[in-house]
Amino acid sequence: MELLLAITIGLLYASGVYMVLRRSMVKLIIGIILIGNGVNFLIFLLGRITKGSTPIISENSDTFLEAYADPVPQALILTAIVISFGLQAFAIVLIKRVYKVLNTDDIDRLSHTEDYDIL
Amino acid sequence: MNSVILRTAASFLLPLLIMFSVFILLRGHYLPGGGFVGGLVAAVGFVLHMFANGLDETRRLLMIHPGYLLPCGLSLALLSGFTPVLITGEPFMTGVWLDDPVPVIGSIGTALFFDLGVYLVVVGVSLTILFTISEEVK
Amino acid sequence: MTQLIFLPILFQACIAVLLLFFFGKVKIQKIISIAGSALNLAVAGGVFYVVRLEGSMAVQAGNWQAPFGITFVADTLAVTMVLLTAIVGFAVSIFSAYTLSGNRIRFGYFPVFHFLMMGLCGSFLTGDLFNMYVWFEITIITSFVLLTLGNEKEQLEGAVKYFAMNMLASLIFLTALGILYGLTGTLNMADLSGKLMAIENRGLVNVCALFFFFGFGIKAALFPMYFWLPDSYHTPPTAVTAVFAGLLTKVAVYALIRVFSLVFIPEAFFNNLFLIVGAFTILSGGIGSLVQNNIRKVFSYLIICHIGYMIIGLGLFTQAALAGMMFYLIHDIIIKTNLFLMSGMIIKIKGSTDIRQLGDIYNDHPRIALLFAISLFSVIGIPPLSGFWPKISLIWGGIEKSDYLSVGFILFGSFITLMAVARIWSKVFWKSSTVTAPPNAPLFFDQLSKRRRFWILFPVGFLSVVTLYIGFGADNIHLIASRIAEDLINVDAYIELVLGK
Amino acid sequence: MRKKFLTNIILVLIWVALTGDFTFVNFVFGFFLGSLALWLADKESDSRKYFRLIPAAISFVLFFLYELIKANIQVAYEVIKPTLHMEPGIVAIPLDLNTDLEITLLANLISLTPGTLSLDVSDNKKVLYVHAMYVHDKQEFIDSVKNGFERKVIELLR
Amino acid sequence: MLTAVLTGFIFACVLVFAGKPLKGRASLINAVVPIGLFVYFCAQIPQVIAEGAIYKSYSWVSSMGVDMNFNLDGLSMIFALMITGIGSMVFIYTSAYMKGSPQLDRFYGYLGMFMAAMLGVVLSDNLITIFVFWELTTIVSFFLIGYNTHDKGSRRAAMTSLGLTGLGGMLLLGGIILMGSIGDTYSIQEMLNSGIAFSDNAYYPLILFFIIGAAFTKSAQFPFHFWLPLAMKAPTPVSTYLHSATMVKAGIYLIFRLSPLLGNDPSWNNTLMLFGGITMLYGAWHTVFRTDLKAILAYSTISALGILTFLIGLGTKAAFLAALIFIMVHALYKATLFLVAGSIDKATGTRDILRLRGLGKYMIPVAIAGILAAISNAGIPPSFGFLGKDLIYEATLGMGESAVFLTAAAVLTNILLLYAGFVVGIKPFMGTRLDPEIKVKKLSPAIWVPGLILGILCIVFGIFPAVGEGLVRPALSAVYGEPFESHLKLWHGFTTILLLSGITIACGVLLYLFVKPSNQKVALMAKADFISPQVITEQISRGFLRLSIFWTRTFNSGYLGYYVITVMVFVIGIVGYELVAVLHVKVDFSQLKEVTFYEMSTILIMISGIVVAVFSQSRLAAIAALGVLGYAMCIIFVFYGAPDLAMTQFSIDTLTVILFVLIIFRLPKYKVLSNMRSRIRDGVVALSFGTLITLLILEVLAQPVNRELSEFYADNAYLLAKGKNVVNVILVDFRGIDTLVEITVLAIAAIGVFSLMKLEIKKSEID
Amino acid sequence: MTDIAIMIIITLGALFVLFAALGIVRMPDLYLRISVTTKAATLGVGMILIGAAMYFNEASITTRALAIVFFLILTAPVGAHLIGNTSYYKGVPLWNRSKVDDLKNSSNGPPENEVRKDEPQRPQGEQTAE
Amino acid sequence: MTIQLYLQFVILPLMAVTAILIFIRFLLGPSLSDRVVSLELLMTTAIGMICVFAVVFDEQNYMDVAVILALISFLTTVAFSYYIEKQKRQ
């Protein structure tokens, strides 16, 4: 399964980068979300995965009696997910606003050619 | 949205979701859940209400602008972090717990208030964002 | 006593939260922000003083012993950065209060600004790499908000690129953290230091380090990852750009310094990488600054150019080079902030940023021009002003390592800076301008009340005084920088402080 | 007022069941929480009779489950057989119900049983438009709804 | 002594705030400063002669080895006296010459600062301190050349001179730091005392390159000379002071100062001789082709500087002596000539030599000064110049085999210089008729007195050689290490030297009589401009700017896609390089057997979700696919024991989808914006990056795992932190600060969204 | 014994969900797909939940399972109604073999003519993607 | 055969097939509404799947995930409907 997940993560990164390279702002954000998912998955996988046992201590004991999934990557990913949600929410609204002001979704139309008439 | 069915359903769902959210919040220290998800569930309730009844209606329901939940939540979280500094002189964010667990809620300590702060902030954030946007969409 | 470490962070947090309670109330917010920033300056100064007096301190948040909790460490490097942040924060807070339009303040400028300050202090003080990531995210989101605050056309155009590149950077940073945790199972920097040393597969450690390099490198605007900076830094209100210029790229430089001295042991591969990248950064920034017509873009490219110095210093990694790098960092934070504040003043005076239209500042406002000259000459490194001393130290480092190419680039960078600044002086201050403030435009500098003019000038003057101190009191600054350089080379003290072994 | 109180009690029961903690304190807490939720959620109320609630509800649920399972099997058959023999259509059903709650309940019931889907309620709340899978005879369909679900709803809520 | 140096700066600072009253007539008061300093230095002379040097030390940036150590020895003394003496004259002259200028206070401020900086250069013992003051002179010069701020030519000249001297400054910095790190000190005295031999060091050539480069740019040696004529755009007092008498001699001073340290190698001498020789001939030659008084003077200054370099290059004691005397000679007569030229300009409004004649009777004192200076310049006895010229010839003649060649060059130069001096100092006053268009204004005494004083001194110093001798004696011992023994005399008897002097004067006078300045000659010279160093340098710098524009435009194209792809290629290149070297992962496909069907199908759905998100032509379909992808991830999180994660991911994904859905109104249709080629290129980059990540993951997974952290958390979550959901305990307790920051991020994002949607700024708001 | 009951209930539930899935693939128009799926899935998942509740046999889990069922029963029809309603007005067509369409002719019906007129009038590029 | 094994090797694959079928509809569309409906169904299926997991791994904590899924998934449908409705009005 690790192999499959690793390939999937690679695919998430690749598709994310591909989307970031597109010219549409919506695609840009989709790309960033894709990479973000890839990163979360990467942390999850590299923290080593354990099947089926939650890092929650059972009701009538003080510590774990059996194997449990590493809670640290989970906590890290949780934080990362929430943070990237904040950023994504902002970004999504940003494209809305950009479109409202500039009337385009095309990133390449956001750039002006500089006039270097210094010579 | 102009649907009687949705409106009626939403008015049932809202109290239910709020209650669930508190449940998720309180149980977070022992079971999956916590302030973040809890806050989101509460926010979902209000957002549903907004979809069904319109923004103005939901605003009236909430009475305050959801943005004010942000400083409230943040200061609650900060205060719970400060508590150990003030009480025992231990570092910021050290857990301070009441000796005996309280029924229903479990152990009461700074972590709980911290989670409550998280909850409030999340509700505030989700609602601020969604309200702002749907105002635009209107 | 160690609890003091939290103070700079929490103080800013409290100001910000307090400001949120007064959301939309312009006047109260101004008062709170300025008073808060002044107090914060005192707080940061106090912490700096205590650490200089009693040595580095560490505190474990939540009272969980390292590496299990989040450690906060106040060593000389960290407290110096915190103090600089407080200085910049104080100046910009005043400048903002007197120049920003009420609308921007009404929509949350000040709370976000103080959150940014908090994020910066957090990044400097934390001893935990993942925690540094979250502080970084604070600086990123606040910078997004500040960058777009106002929603003007230019701002939004710049914001998209800024957003994309910075998101990319933080995703790479996060990837690096994931790899690091996978390799070592820890996130505490002191702990990482030892654990990474024990890993046999050095290549993998290097790859991990590379990801950190790219993540921070994008934010620090290194070659060839700097492109977003000149495309966005000239767009928001001056007060905002001033903070960005002074602190935002530097926090990434700080992270590079910290990570590549404490966590990863500097190896030849990285030293060479830094040297090459640093040299090209100087080159790109320098020649970029020569050909721009927007005064803020010139300054933006200068930011890039001068980051190259610090990276070269990091690449040389000798006591002298590191001291030079730190000295430069100290100087650069103050000076870049001031340069952008000045650009704001120029806009206030003339209403334009186009070098071709500007002019006459020297003739119309000779004293203001002289005030500006302090910073302009400092940025060139005209001796004995502040930019001069670190360069000497850097060159020492280069000579020590017999790296004459780097020395050459440092000198070349200085020369280009000289020409770029001279060009500004000639075109903006000397020549006659084609724009003038329209009559009855109450927001232009000349038509402001005397009191307001004073308070707009005050931050520039304040920072100029600091710059002068850095230049003429170079001895003290060099001592601090040398102390930091020692700390960076001998990390054992840091590790012992955190892990208590 | 009474409706509020009753709803509150229901909420308390749900809460207690949810937490699985049948202590007095939890009841009190649940009541407190329920009132809070209601206070937040329900700013207007009209009183109703709840005397016949429990038996009517039980009969209602049983009827509903029966309909649900029956219809599901019917649809399951429809889905797996090789050819499609449906006669779908949208049918307007005149309503005898008057409150929003009643209409909603009916509409949901109709939607929940397979093969039918409430599409819309007319603006004057007198007609319910239902999409149905099998409209062999329009009137027959209308009657089945009116005699089935609508009657049960009226029994339950009036 | 520190006070002496700082006086100028303090004076300048005072002027910034209290300059107003010192503008009009009162500006003469400003001259008190240089005169006072001149007196101060005069008062030191006896002590210097008696003790050899006065050494004062003030600690400054000691931690960097930089202290304010001042060493007033013979050499410094000559320069200090020149600086303050000529400075006094210039200050007086300025008060009249610049009368009415609205920024006179500023001008005096610059002059004061310049004087201070120059004093700093010649008095400092510490190399870095020298550099500090050296750069200050550059900067002040920039301000003074660009004094007429609205004149484009002035600004360009200022930029050019700054560029060249600034470049030299960088070289100097490199040189002195190199010297410092070899010598382990920046104090010249300490270096001398330690007896260090730089010429034995492997880096000697580099030091030479740096130091000589610095000196040459500053002292306008060929091919860096051209900034000096351009600098004539500055007001005449500036040209007098900076660009003839003092600043340009800073380079000469530097070479002088360092020759005991660096001069014991033939490469040093040869370089100086070669460039000095070329410069003196080149400069002198060009004077013939100029018609502007100041231009002629500029080229003759270049030539004189060449002579000095040349002399120091000779390296003999006689040459040093000649150079020291010639510095003084030149300072006196050149300053006089500049003042004369300025006076003429002031009185007539022109400096065009073709139009100037017959001024003698209108401005007798000026004419006297001019003629005296021209005589000294020509080396006609009994002027000070005669003495100087004698010594030059003596030095060249003493050079053994190459004596003839060197002497010939010196003679030729002197002939041409004589011509130049006559053209400026005598020609305007000769003749009887004025140019009809020229009106001669009356000049105030403050204008002609300084020139006259200096002119007279040109002769006085000649008649009383002991004055010069007294000054030169300690200087020579400072730079040559040996005391000066012989005595300077005007009359040596009939010698070869006298013959040479005669030839020089005769040829020069003939040249003056038969070769007249003309516009044709100017035009003739202009034809050769394309190979002049100035034009070549300008072309190089223009080329550099073009390259800069190309570079900047290429990298900062403004297109986000290029930025990202550049970064990506950079990342892939370097990471790939490192990774390939260490990769020993063997992909073990057998582990795929353990993958269950439902896992496989979840992955399958994920991958299809990705594909739809990437390739869908419908934006909402892409977003919905993103949702599906997120939900599939939730399921995988559930597989591997992360319920909290699944919950959060699910709620966040739902919210994101909702946000997208709400926002997407009115956005234009997805369009295919890129062509196939760029899509393939992007695809290749993206896939390589993805592959890299996959390989990296597999490599890391092969490493041993450390679970110290999670074990601690697991053991203590309930016992110490009273929670059973370890993830939540980490979030609110162990790593609570992360969460605190995280919610802050959310709060800020909410503010951001609020302001993004609601804030509208009016165009009139400038901030 | 309970185990077998649980297995049966869960199997039935899974099958209902499977039918729903088959339905959504096979049904010819949107409305039929909604009709088939919403409830089949609700019933199926409800049964699975009850099976799980029986397995754990614990009050808190049972209530949680019931809560989910309750929630699904409450929301599924509303969702189905909403999406059906809006789709209808957006113009998602009925299957061509549909018999009647009362809504079309009612006062609530879609403003057919307007829609048609509207379509080509939208400015190019402004047109919203689906 | 224990209940766990049965669920793992019979029911879970069955549900995986279900999910794939639903996803096929998602891919096919053709209208947005179809995708929304299949998304909703997918989420409902996920609830079931998670419950089955809870039994398979004997991990009651997973039930909470199902609760959250049930609570929140409805919102997606409502939002999409909202979108479709608004779009219609334009």
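As written, the chain order gives the labels A, B, C, D, E, F and G, with residue 1 at the start of each chain.
Just so we're on the same page, a residue touches a chain if its C-beta (ideal position, glycine included) is under 8 Å from a C-beta of that chain, and two chains touch if they have at least 3 such contacts.
Computed from a predicted structure; not experimentally measured.
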Exercise. Which chains make contact with chain A and with chain C at once?
Worked result: B, E
Exercise. Which one of the chains is closest to the middle, using the mean of its C-alpha atoms?
Worked result: C
For this session: Tally the contacting C-beta pairs at the A-E interface and at the D-F interface, and name the larger one.
Result: A-E
Seminar exercise, completed: Chain centres computed over CA atoms; the one at greatest distance from chain A is chain E
Problem set entry | Rounded Å distance between chain B and chain E, as computed from the means of their C-alpha atoms | 61
Exercise. Counting in whole Å, what is the centre-to-centre distance of chain C and chain E, each centre being its mean C-alpha position?
Worked result: 26
Seminar exercise, completed: Per the C-alpha means, the centres of chain C and chain G lie apart by a whole-Å value of 48
For this session: Return the distance between the CA-based centres of chain B and chain D, expressed in whole Å.
Result: 30
Problem set entry | Of all residues in chain B, the ones touching two or more other chains | 1, 3, 5-6, 9, 13, 16, 20, 27, 30-33, 36-37, 40-41, 44, 47, 67, 70, 74, 78, 81, 92-93, 95, 125, 129, 132-133, 136-137
For this session: Give the residues of chain E that touch two or more other chains, as numbers and ranges in rising order.
Result: 545, 549, 552, 556, 558, 560, 564, 600, 618-621, 639, 641, 643-644, 647-648, 651-652, 655, 658-659, 662-668, 670, 693, 700-701, 705, 707, 709-710, 713, 724-725, 731, 733, 735-739, 742-754, 756-758
Problem set entry | Residues of chain G touching at least two other chains | 15, 17, 19, 32, 36, 53, 57, 59, 61-62, 64-65, 67-68, 71-72, 74-75, 78-82, 85-87, 90
Seminar exercise, completed: Listed in rising order, the residues of chain C that touch chain B in the complex are 2-3, 6, 10, 13-14, 17-18, 20-21, 23, 59-63
Seminar exercise, completed: chain A contacts chain G in the complex at 51-54, 56
For this session: Going by the contact rule at the top, pick out the chain C residues touching chain E in the complex.
Result: 13, 20, 61-62, 64, 67-70, 99-101, 103-104, 106-108, 111-112, 115, 118-119, 122, 130-131, 134-135, 137-138, 141-142, 144-145, 148-152, 160-161, 164-165, 168, 172, 175, 179, 182-187, 195, 199, 201-204, 206-207, 210-211, 214, 218, 224-225, 227-228, 230-231, 237-239, 269, 273, 284, 287-288, 290-292, 301, 344, 347-348, 351, 362-363, 366-367, 370, 377, 382-384, 388-389, 391-393, 395-396, 399-400, 404, 407-408, 411-412, 414-415, 418-419, 422-423, 426, 429-432, 441, 443-444, 474-475, 478-479, 482
Seminar exercise, completed: Within the complex, chain G is touched by chain B residues 1, 6, 13, 17, 20, 24, 27, 31-33, 37, 40-41, 44, 47-48, 51-52, 137
Exercise. What residues on chain G touch chain A, complex-wise?
Worked result: 53, 56-57, 59, 61-62
